[in-house]
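Mind having a look at this structure? Questions to follow.
Chain lettering (A, B and C) follows the sequence in which the chains are written, and residue indices restart at 1 in each chain.
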Amino acid sequence: MTAAVLTISDSTHRGERKDLSGPAVVALLKKKGFQVVTAGVVSDDQPKIEHALRRLAAGAQLVVTTGGTGIAARDVTPEATRAVCERVIEGLAERMRAQGARQTKFAALSRGVCGTLGQSLIVNLPGNPKAAKESLAAVLGLVPHALDLLAGKTGH
Amino acid sequence: MTAAVLTISDSTHRGERKDLSGPAVVALLKKKGFQVVTAGVVSDDQPKIEHALRRLAAGAQLVVTTGGTGIAARDVTPEATRAVCERVIEGLAERMRAQGARQTKFAALSRGVCGTLGQSLIVNLPGNPKAAKESLAAVLGLVPHALDLLAGKTGH
Amino acid sequence: MTAAVLTISDSTHRGERKDLSGPAVVALLKKKGFQVVTAGVVSDDQPKIEHALRRLAAGAQLVVTTGGTGIAARDVTPEATRAVCERVIEGLAERMRAQGARQTKFAALSRGVCGTLGQSLIVNLPGNPKAAKESLAAVLGLVPHALDLLAGKTGH
């Protein structure tokens, strides 16, 4: 299974802040058997995020973003993800928030969405490295089956 | 209370697979006091599903579908249901997924929605017979009160 | 922190029913340190609710509504709120319903939404006074941080 990781952050993109969540997500994906084909950084700019998501989904089965899921003015990752996805899977985001709520009530403010684009699955994670890892862990066990279904292996 | 059951499946519609979930849902509804006025099968075709939902909602207070809620390419039941419903009731689908998660993490991949069309309530269930029965059981206790509200019995 | 409270109810607006939920919400907000700058009543009329929400959000950081979140024909508070909000925060409504489910399964029928309009946060509560207080209590601990984020205090 192939994966791409996209860190979405103005300050990281400008080089003012070290990217901690992207490498943390890459490490977790590798540990779980994914081949991480690309990892990059983009600013909190909706058209740029949409462009990056389309490009990454063309080359990886799983596209994981980190950052830009909150409610600050520059947080537009959910809007970009909804714009490019053909289908939204509410249950995955619900599951991430439900697991996150065990750690902190502030998980409810994460607006991250999960959806499909062609045969790829896009998953938005929060920008905080610890929260990003926990959110990814909450849904990673479902991803192989989801990717099979998207690839047409429906088991019928 | 009247109910209609619609099985949504290409293979069942072509006669290649026996419909197990439809009869299971019918049996549960009858056991809970519903009069099942019609039960049918339709293929995974969005316009045909929409047409069937509108027709069934005209003749039954509760319309229950089974199948087509996943993320495979042919799964379009949620899209058809959203297209015909005037209002979506997120809490009912959340409740079905939350109960389903006690059995299997894959419940998070069910995109089934619940909504209203006129005075009727439409509920999407998964295609797996066991999952369909469990999902229906998760919300059935709410249905009589919901149908009262839709019929204008608001208790004010 | 400033707050506005809007009771949404035909019968209360006509003077046929005493407003119990509005004062209950005001009391809880004051107890938690909010300055309640205005409290009013509007009928279950979508354009009037939208107008009131825009006006209140211009003068208060937190706008709390009570009533009109169910599935009866006149319940249009969620539609009005979605229409005026720039962003919907699904996790807050999920949290209110999840807490509500501990008291009654009927919490799943509440369609209340939470969202942002400019730097204000709008929260829909049910019309039942007890349910309104419990729903508000479920998210009130998150509100100060949410208002900070909306005011641009992102902590970066």
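Here, contacts are C-beta pairs under 8 Å (C-beta built on N, C-alpha and C of every residue); 3 or more make two chains touch, one makes a residue touch a chain.
The model shown is predicted, which means the values in this text are computed figures rather than measured ones.
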| item | value |
| --- | --- |
| Equivalent interface positions on chain A and chain C, same or different at half | different |
| Rotation in the CA alignment of chain A with chain B, degrees, nearest 5 | 120 |
| Distance from chain C to chain A - Cα centre to Cα centre, in angstrom | 30 |
| Residues of chain B touching at least two other chains | 90, 94, 98 |
| Sites on chain B touched by chain A in the complex | 11, 17, 70-73, 79, 90, 93-94, 97-98, 101, 105-111 |
| Touching residues (chain side chain A, partner chain B) in the complex | 87, 89-92, 94-95, 98, 116, 139, 141-142, 145-146, 149-150, 152, 154, 156 |
